[in-house]
Amino acid sequence: MPDLANRHEQRRRNPWLAIFYWLIIVITFVPIIVMILYSFNNTPTSRITFTWYGFTTYWYRNLTQVDGLTHAFVVSLEVAVISAVVSVLIGTPLSIALGRYRFWAKGIISSMVFADIAAPAVVVGAASLSFFLSIRLDTGLLTILIAHIAFNIAYVVVVVRARLSGMDSSIEDAARDLGANPFTTFTRVTLPLLWPALLAAGLLAFAMSIDDYVITSFVAGSTVTFPLFVYGAAKVGLPPQVLCFGTIIFLVGLLLAFANGALNRRHLASRASTEDSLSTLVTDTNILTPVAASVDATADPSLA
Amino acid sequence: MTTVQTRSASSARNKRPSWLRRHSPPYWLSLIGGGWMLAFFLIPLVSGLIVSLETGNPLQGYNLTWSWSIYKQLFVHSQIPYTTFMLRSLYYGAATTILSIIVAYPMAYYIAFKVKQRWKSPLLFLVLLSFFVSFVIRTDMWSFILSNQGIVITALHKMHLVSKNFHILGTSDAVIGGDVYNNLAFMVLPIYVALERIDGRILEAARDLYSSGRQVFLRVVLPLSRAGIFAGVLLVFITTVGDPVVSSLLGGVGTYTIGQAIQDSYLTNQQFNVAAALSTALMVVLGIIMFIYAKVFGTQNIENLV
Amino acid sequence: MLRAGGIGAGLAGLSALLSACGIAGSASRDHNNIDWASFWHEQKKTGVLNFANWPLYIDSEHGKSESIDLFSNATGIKVNYEAVIQGDAPFYATVEPLLAAQESTGYDIIVITSGWYLTQLINSNFLVALDHAKLGNFTKYASPLVKNPNYDPGNKFSVTWQTGFTGIAYNTKIIKRPITSFEDLSDPAFKGHVGMMNDNTEVGSAALLHMGVSPANSTHQQWKASTEWLKKQRELVLGYYDQSYIQYLENEDTWITQAWSGDVFQANLSGYPHLKYVVPKEGQMVWHDNMLIPRQAQDPLNALDWMNFYYTPKIAGIVADWVNYVCPVPQAKPYIANTLKDPTVANSPLVFPPASIVGKSHDFYVYKDYDDYETWNDTYNPIIE
């Protein structure tokens, strides 16, 4: 495809779009910068305040000092990892069923998956709590996991199914023609090809789970997760360690991104794979907007 | 379909596989996944409806009495204006969606068309980067930045742009702003995906046929990106209408939303049936709106969206 | 279509089956009168105490609490202190299902504010009656303010951890005239900068006091009448806040607000000395955060030990010096002044209120039953939401 960008630049040098883009980006980063800055604030009480008292790394050195914060963070990590793994394990077969077969329940299940993503968190949370109360299941870690896996399955299905629909099924047919049974076909042909999508789906499920506040607030019982802790503490006065945790998470994310970028450059250099840049990953597997898959379907129904 | 034919062709020597064996794989595959969603997503939704029809109190317990009157009680006769909250939430949803499109579209357009290939990933990534931090922390930071003592208002005061009484926090605008901020990525990404799919040669052709930049945009790009906007609208509208967090952290009097009402009646007031009724009503209202929206903007089947 | 209908009917039927039993109430299934004497007689000492409390509510220096350390050294009991309570309502919602199922909450001491949730805990038989024979220090040192409260006659189930006052706080840099009355909360000069609490017991009680009625003895008609002032005042209010009201006051979004005494004290110490707490001339509200022993607690004897240990001038003094709410042991005052050498706290009327202030403090209304509670909610929630 001809390099359109160059052509545009030759025709019209309009800086406004770029300015607009960068302006918005800066605005999105303002609270992050404030967070990082004030995690170093030397406040006299253990509550954040926005008068500047001088620079200190005290809060970083005493990260675990706040009652319940570290525990909440660990709980969030556990829930996120478990729900991501389980939802990928459960969601992948479901995606294959939806993506490769035609059966009468397909429409209903697809609608259910769509509803799961589209339903507002407050409704899902309230409904889940009603359900657990009715069946007398005590709210706690188990109910959090159940609810998280329930919504993560939908995200996994969308991501994996989008990838499947982009994958040519003739490779699998060829494998079958060569005598492979379905199981072998799956493990030696489909799965390796699907692997990037599974990873992307797992990461998405992880991200959705670790940041979930609304649904968790209904079904958590006495268990405290990191977003729940932060929301509750924001009412009493955030301890500075929360800002430290936020900064650390942010830096980890940044690091992962650079690592991904570095790996991509290596791949490009060795030409091992063509699907590596974020934008291609986004368009092929729709890493962070599951419903973006609908773009294909609505723009080109034959892809559905 | 090829699968079935191949298998029967290769096993022509053997007995034909039974109908069950031929048609059962998708059912086995979807058993656990579909079952989980059925048990823990669909049934709870119905359970929510059932609980809304119960009467009682937290001490004595609730019993199913099929009291549909609760809906009338809440939305017609109530002292607490739940209908206002619902309408207000829908308004916030609509305003946020429109504003999001206005902000997100240029950004997506910029990345899709105005930058070289190697910059697309980093720029896209920058949009997503701030979302790594928990949205509760980010929204709370905004409540400090936008406070009367914060940099925004102090700056506006110094520049004499606003009166002494001006404040941002506690207004509907603050809530809408917060919602737009939190949903930016959900709108940028689908639009970007749609724009990226547009074959550049179509744009070239349009230009070769003497259309101006504006015409190219309005008559070629915009319609082709409709699907992306559609996806973004769905996500942003639904998330915003139900959200209780932004209105709680950035709002004040006159910004109470239906999401907050549901959360408060469950967790603070322990009125399980009221909370369930509000939640079911919200779901139904959203469902109707989305259905109408989908029909009007022309998707054949909701199920094809997945 | 038919398929969808069939499935819908199936789902409805299934859910109806599941939900037909409704939701269990929290009223105790065990209605027998419990023989507390033999209950306590059977208890054995263990080595651990699980203490759930609110955040920032015990003395804390670099993550260590001196009062807890002193207790552990004196008794050999290991204390698991968890500051997990962020609200009465959410915490109640988490322990209620466990208590209703007669399971252990995992805690031996919980701290709940006087109010509906405490009343529910008592009425539902979810609390262990205290053995006052082992609480000699309480009898000896506790201030009259915390003895025999209207929500727990005879301190059958609770002893106070800290007491607080709800009055008015304002920013003296912005408001130059003295603030003296609830009427000031509805002064049109402060339009758009008035803060109120979103706890409807606080809002309602303030309105009742404004009317000249003592909330503890108020009637339903008086509740209704008091909403007139609140409805007019609503136009001046910036927001009805939970504990974050203090942030809005500090950040100058609100200039005058309902406030808790301890929050203002701490704000004064953390860079906002210009914020002032006043007792309105109509009176202020007094509330108590109380230590309770939930049923099925594993170590109730240790809980009593801690309660007894706390009610001494030394320990209560150490805690009050840090928490800055009203100390339930008046004799801690000389301890703080002389031994801890902290005259700011010792001489503060917000920590050791003189009789004149105590005289103007009113108790909250105690609900008789759920309908009573609902009536209060229905009266005041429309104002807040």
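Note that the chains are named A, B and C in the order they appear, and that numbering of residues resets to 1 at the start of each chain.
In the analysis below, a residue touches a chain if its C-beta (ideal position, glycine included) is under 8 Å from a C-beta of that chain, and two chains touch if they have at least 3 such contacts.
If you're wondering where the values come from, they're calculated on a predicted model, not measured in any experiment.
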Chain pair bearing the highest count of C-beta contacts: A-B
Most distant chain from subunit B by Cα centroid: C
Centre distance in Å when subunit A and subunit C are each reduced to the mean of their C-alpha atoms: 39
Centre-to-centre distance between subunit C and subunit B (centres being mean Cα positions), rounded to whole Å: 38
Subunit A and subunit B, separation of their C-alpha mean positions in angstrom: 15
Numbers and ranges of subunit A residues touching at least 2 other chains: 50, 131, 133-134, 234
Residues within subunit C bordering two or more other chains: 18-19, 22-24, 87, 90, 247, 250-251
Two or more partner chains touched - positions in subunit B: 42-43, 47, 50-51, 144, 149-150, 267, 272
Partner subunit C, residues of subunit B touching it in the complex: 42-43, 46-47, 49-51, 54, 56-64, 79-81, 85, 143-144, 147-150, 165, 167, 169-170, 251-253, 256, 260-261, 264, 267-270, 272
Partner subunit A, residues of subunit C touching it in the complex: 3-4, 7, 18-19, 21-24, 54-56, 60, 62-63, 81-84, 86-87, 90-91, 94-95, 97-98, 101, 105-106, 242-244, 246-247, 250-251, 266, 269-271
Residues of subunit C touching subunit B in the complex: 11-12, 14-16, 18-20, 22-27, 87, 89-90, 93, 96, 120, 123-124, 191-193, 234, 237-240, 247-248, 250-253, 369-370, 374, 377-378, 381-382, 385
Contact set on subunit A toward subunit C in their complex: 43-47, 49-51, 53, 62, 64-65, 67-68, 104, 108, 131, 133-136, 138-139, 220-222, 224, 232-237
Partner subunit A, residues of subunit B touching it in the complex: 1-3, 6-7, 10, 23, 25-30, 32-34, 36-38, 40-45, 47-48, 50-51, 103, 106-107, 109-111, 113-118, 120-130, 132-142, 144-145, 149-150, 181, 184-186, 189-190, 192-194, 196-197, 199-201, 203-204, 213, 224, 226-228, 230-232, 234-235, 238-239, 241-245, 249, 259, 262-263, 266-267, 272, 275-276, 278-280, 282-283, 286, 290, 298-306
